[in-house]
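Each structure below appears as structure tokens.
In what follows, chain A forms one complex with chain B and a second complex with chain C.
Let's look at the complex of A and B:
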């Protein structure tokens, strides 16, 4: 029985006991996965060292797949906490089982930031190039409208942007986990209790603490959202688009931002399914979580197409020589098969999957569509960044791409880096899931208290309390 | 002064206990509720909590914006190099740096604000019991040593399962 006297699926205490019990032990399958992803991560580091030694940092082409992987991580793991942020802001009650699963991806941001640093050596200064920074050389060669010189553009400012993005993600995770750390402090044992003592930072659960906590989570969430859009925008422009002469697309950053929202949600939904399936957590993760997410995922998939189409149609009808070269490079030339596959996996496959009500209202349909989207994003970033990085250094200040570079096929080192980086992200997530409970316990217990199953005529229905 | 903590298994009983405390002469400014998850404001008849956290991001954003504007404007003004007769300042790159400065200030001040409003680090830990993490509601208040027994009686009569004290 629920403490309110109504029938409930699980009580607060049963839930807390269950989560703490699971959190205290690491199963053999989990341990095995940590070993596999850890070893693949080490292999990725070896690949990075090999690439640095054999190719150096003078040419960008050998680093195309590495840059694509950084973009993939920003768009998927980096964007995942936005699910927790957005659903908290709109006070969606079905969010509770998935918020921590989403915001734990904040820890992967540290890996992304570290991976971003080598790219700084590959991208030239903004001076004398057509970039977002409108920065000319002295004497002027571009005829720009001002003679403003921004020191360190774009390197210092994009680094600051990504560092702040990672900082705000970690602050959000740290703050949101604080009440749960108090539970570990009080009820776990050994190192976990000591960890909880340190991380709960004197949490008692007073009304003042709860008020400040909720306002703080909301404020950091809003700042996270702004930083996510800024990070995706600056990275895709300064470390992608401006490396290709003649590629001037005002919609590109917006399309990449929508892609990040789509990727963040897809990452969360797929992780939710994996946690439910292999963690045997069907009791807490229901069809309603997938159903709720699937509707947003469908909308974002349609938006992806809308933004892509809006950008594409300008180039397609413009048909200027520079625009034709960009279309050749990114879509119909050396990367056409990658483009077709990316289009299929980012739009057609998830759209056709999520179109059906029966599939949306299932526990397998939305994760399947999410898997399609993640494959699509990896392919999409590959065709964008590998293509952009294949443009030689001496051509990036030209007005248009005179000669489309041939396909840059991945070699073994590229594969090591891509697989290693993605495995590294999974490894970091697995490690964090051992020290922070995979459920936001304070949100779940609040949800249990606000939710009751009551008889209604000859059936039962859920009654939900909405305090605000 | 002695810290007293009454523990209640049922939220409804704890809500009634705050009334009993008020009837015994304590105002809702003097007692504090401890819970394992957030309850709606006023659910226990407790005082409305005040905070100034919302001010911090705005102050930080304003400072960050000002510093960014100063950085981009003052450095160019200090060493003006007119090239090709074009104006010294260009808005597009200034907007990017102003945005980053604004966000830097807003994020740092929000984090500082959370620390400040949550009184972290708190070296004087208040009275606490692990049962609060099991869903128990705690009512805590400070009172003079000679009134401890009376307050304990009030809390027990109101349905407290346990009453703890700390000097």
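Let's look at the complex of A and C:
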């Protein structure tokens, strides 16, 4: 037993048998959870239908909470695979137990994409207002046409971006699961074996296949990262910032991107804890996984504050009417309590939790901080998008928000949609976890091979292989 | 591919202390050459102080010119130290070992040089004292503490103090080694500096804790320094192009990009000058190259956001400024050089493994980044001031005078000179760190293949 509390030696065979055994059966508690989240998801769909029937798509205000939920899902579940991508890139040994747990969130992207479609009817075209899709001034200063806007902007391009993002994340999941599917094909029975046969796509584990596989996972990972940043950037600008006249915040997209990294990691850490706790997988998920993740989580939490402060201080010092109106709308006015709570949950609570080495080096501290962060992100998206969606249509082309709209409180339909969408995401994840092993078996096996415990002077040390 | 080299402690001591114990002739010649440029710079400063700022190219409304550009540039270079040393130390990256000391020392010297620039730029250096420090209460002269210009000295001197401590803490074990290999007056001086280092378990423990603590404490300071420098610009609303929320992280990431590139330049020169082929290997430069791809691309994202948000504003003045930066001579030429040398050329090259492992190409590309990053600062400062805006009554361009050019060139020579002086007194590669790396190296056998491995504490 090591000081971090985990058993050093598990053979490859023991590990594979154990994981396959667990994967072949579904416990009653798991089924119950699937039923509950499935029903809540149906309730969310009902809420969506009710909202569409009662409010239509002419006004944005009734859809503020829906837009915030889409942003929440992109920032958390959508971003979770980045944990696998980044940790593979830096070859962190402690990643192995959590890569698949993170990657499986790719499947939630399908739900996010479907939820995004109604928002297209709510956002006006780029013409006549500030958008990211360049529009020259009148008279033109660059000698270009006075209303140069890229055709289809923003709708076509943002849809394309999000669709590609979902496609890339699914491709990443599909590819990285391929060797494990071959294990299912070879060692499982019945439908699971048939599924493995289909998904392994002729995987034999030859040297050439492994080389192509490694290059593919690396390239798709890099593409996923670019797609994630692109999606967060376009969504937050085109479906958030541009809807508020006078809101010109060049750091906003970068801030939201950092928030996505924070949200993705928090989602993974919390899921890791749930899998460990309720899947009884203490044997494979150790304190070192939470410890490694907690240091990055702490850094991202500090970055959240830094980006927020960098924007705030410029608005505060600038004191121009447009800046004051934006501060009033998003921080000091109708959404001040939501902002304060978001600030507490996104920064103060996780910071004070993760500050302590003892807490970071525990199996409960990082998940607790992650839970804080997820609550904070939901609140933060609420104050940003609900506020942005409450600006009336006829004011959207102005250069300044003349009148700050009042607070848009959620009604029962909003709550149905928010709870339903989050439950839907959990439901999709639970379904996927039944068809793809929750551990990246090839990475875990590789980890077992690369690890040894050897005597060193008067003690024993862990020796970790670092291949190129 | 890892190119492990097995070295004995004696060999490490001999190789890394060679220059400290007996410097070759070329070393002294190079020192003399750099000292003469530094002297020329000092004369230029003296001349400027004597004659006044009229002899520079500064004018209304371009009140900030080459010296402030250079100030921002050297602050940027100083970010190399903490970025590499502290972050890589905290993350226990193995390839950090030969580059940590060099980057820490580069931080200290570039910060010292950076801090001199605004003082020289003021034209009356002695006056900066009461602009920055609250001492003249009797005459009712107080610095305006709401101004980032006042936060600057506080941040810079905090960073300088912290970085110096960081260097000293990491130097102590090596000073013990030098102490034991010198005689006479040098032995006494090194004994004093080694502060009784014996390498006992307790001393090692304290040294490690101090290193980790300083790493963690310096990280927020390092971020704050360049953020505050950026706020010198961004909190103003009177100058087009400066009032942007992204400026703080944009400056920080730009600084890290140029700082790490400077470290690449430096380690390659160190390898050639001191024949440290066994210590600074292609794998180290390769790792730095991969890190630079990530940092450079992050910088590009911030650059894209900064530029596109200027167009997003739909304000005539803002768009006209961008038009000036991109389309008007000579800024268009500088802009093109900046984009090509700052990102397109180096990052495209680094995508190829062969380039990352070729020291000549890495030297060229790392230098290219810093040409680009220097121009970036120039293009942020000068066109914004030179353009006619609602708050300026004049509209002129800026041409640096020979005095300013001399001062800027001598700043580069001075930093290089200080590094050489340091290399004569202290080892530029930490001996204890390299030895630790040798001790922790191991191998894992997988089938017939032996995989390089590392002993780790858990």
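Please note the rule applied: the second predicted complex is superposed on the first by the 441 of 468 C-alpha atoms of A that agree within 3 Å, B and C clash if a C-alpha of one lies under 4 Å from a C-alpha of the other, contacts with A are read in each partner's own complex, and residues count from 1 in each chain.
The criterion applied here is as follows: contacts are C-beta pairs under 8 Å (C-beta built on N, C-alpha and C of every residue); 3 or more make two chains touch, one makes a residue touch a chain.
Given the structure is predicted, the values throughout are model-derived calculations rather than measurements.
Q: In the superposed arrangement, does A:214 touch chain B (first), chain C (second), both or neither?
A: Touch status of A:214: first partner only.
Q: With both complexes superposed on chain A, which partner does A:244 reach: first (chain B), second (chain C), both or neither?
A: After superposing on A, A:244 lies clear of both chain B and chain C.
Q: Tell me which partner A:102 touches in the superposition: chain B (first), chain C (second), both or neither.
A: The answer is neither, since A:102 touches no partner chain.
Q: Between chain B (first) and chain C (second), which does A:320 come into contact with in this model arrangement: first, second, both, or neither?
A: In the superposed model, A:320 contacts chain C only, not chain B.
Q: Which of the two partners, first being chain B and second being chain C, lies in contact with A:468: first, second, both, or neither?
A: Both partners, chain B and chain C.
Q: Quick check on the superposed pair: does A:13 touch chain B, chain C, both, or neither? Answer first, second, both or neither.
A: It touches chain B, and chain C stays clear.
Q: Check whether A:229 is in contact with chain B, with chain C, with both or with neither, and answer first, second, both or neither.
A: So A:229 only meets chain C here.
Q: Touch check for A:182: first (chain B), second (chain C), both, or neither?
A: First partner only.
Q: According to the contact criterion defined above, which of chain B and chain C contacts more residues of chain A?
A: Between chain B and chain C, B touches the greater number of residues in chain A.
Q: Have a look at where A:132 lands relative to chain B and chain C in the superposition and call it first, second, both or neither.
A: A:132: touches chain B and chain C.
Q: Check chain A for residues that touch chain B in one structure and chain C in the other, and list them.
A: 3, 132, 134-136, 449, 467-468
Q: Going by the contact rule set out above, which residues of chain B touch chain A in the complex?
A: 10-11, 32-41, 46-47, 49, 51, 53-54, 57, 72, 75-76, 81-84, 86-94, 96-97, 99-100, 103-104, 106-107, 110-111, 113-114, 117-122, 125-126, 128, 130, 132-135, 138
Q: Where on chain C does chain A make contact in their complex?
A: 1-2, 90, 94, 220, 223, 227, 231, 234-235, 237, 243-249, 301-302, 305-306, 308-316, 319-320, 323, 327, 442-444, 446, 451-458
Q: Touching chain C in the complex: which residues of chain A?
A: 2-4, 130-132, 134-137, 141-142, 229, 233, 248-254, 257, 288, 295, 302, 306-307, 310-311, 313-315, 317-318, 320, 399, 449-452, 454, 456, 461-468
Q: Residues of chain A touching chain B in their complex?
A: So the residues of chain A touching chain B come out as 3, 12-13, 16, 132-136, 138-140, 143-151, 153, 157, 160-161, 164, 167-168, 171, 175, 179, 182-183, 186-187, 201-202, 204-216, 219-220, 223, 226-227, 230, 234, 442-443, 445-446, 449, 467-468.
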